[in-house]
């Protein structure tokens, strides 16, 4: 089963700057060979369910290894059986609706 | 690694009433033997990482089997290495802070 | 317009224990006279849209006043026009579906 | 108080395709003159608290007007008092950490 997620990891107990932790997660997704795209308040990741959630678990482990005693992640998790749809498909589908109005 | 999650499954394409789908997920958590507690806008689940996320995957599968072509779940995922803390611990920790003020 | 939310406030830069901050938010909802119910990974709040979101804003302000330089909240926000439904209604609607199976 | 949010609106009872609804929300943010950026599983919006949440409310109203009897939105809401940080700043802060490793 394919899945698309959007996640935002928040390490607690490491101060205010979390960009090193976010960067570490980007490397986790890259090392896992998963399609991913960072935005200003999270990261989109898509792939096979087990591979995606193994990477999410690895993010938590890496952040704990970096010294965060606590990690709280917020996620959206989307699956569909009607058709395949990539991250690019979802954006272009909305943009087609926007085009006539502009 | 132990994990506590809060999740809210939203099946799309099945109309407005989603309570049968939420009930099906409660049964998934129960069948998995996972500690879980439903509230008005989601469900807390705690346990070992792999068991919890296998149940989340099973929820998506069950909802698709029930006819939902698309499922969008929002989740919080919390892990900590400093100490064990159950769902009941978290609530009582806040209630202790509230008590003196009342 | 009535709204039901579920929110989880996460203060950054204040260490690992966030229960004083969660307790402060409970007082904000209580002072606002809003129906609210804490669970192990968040709080349900329901009421008129403006009153609910004024309280959410007040939570962020209070946490900053308590010393958190950064606050990241995750929320679910639900509205419906087909009928009124309280937090208790939502839970009992699911429990009715669960009953026959037990 | 400035705020950065990431939101994903999910209309229920309108079938599987939600791109017209997502497009309608993009227009709400554009009409409100708010800085916003869509991604594959949500939209980042930043601005003054009241303006941003007035737009979120408007999204719910517009989706109900488009025929959705129920709307469930998931959001992240971030505020900080230590410094100003735009959506572009957040991304470039992570990219600087990634650069040396590549």
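To keep things simple, chains are lettered A, B, C and D as they appear, and every chain counts its residues starting from 1.
Here, a contact is a pair of C-beta atoms (placed from the backbone, for glycine too) under 8 Å apart; a residue touches a chain by one contact, two chains touch by 3 or more.
Because the structure is a prediction, the values reported are computed rather than measured.
Relative orientation of chain A and chain B, expressed as the C-alpha superposition rotation angle, is 180° to the nearest 5.
Counting C-beta pairs in contact, the pair that comes out ahead of the other among B-C and B-D is B-C.
Mean C-alpha position of chain A lies 19 Å from that of chain B. The geometric centre of chain B is 16 Å away from that of chain C, both derived from CA atoms.
Chain B and chain D have centres, each the mean of its CA atoms, that are 25 Å apart. Touching two or more other chains at once are residues 8, 13, 16, 69-70, 72, 74, 76, 78, 80, 82 of chain D. The touching residues of chain B, when paired with chain D in their complex, are 8, 10, 12-13, 15-16, 18, 69-70, 72, 74.
By the touch rule above, chain A contacts chain D in their complex via residues 4-6, 8, 16-17, 19-20, 22-23, 26-27, 37-42, 44, 46, 74, 76, 78, 80, 82, 87-88, 90-91, 93-94, 96-98, 101.
Partner chain A is touched in their complex by these residues of chain B: 1, 3, 13, 49, 53, 56-57, 60-61, 64, 69-82.
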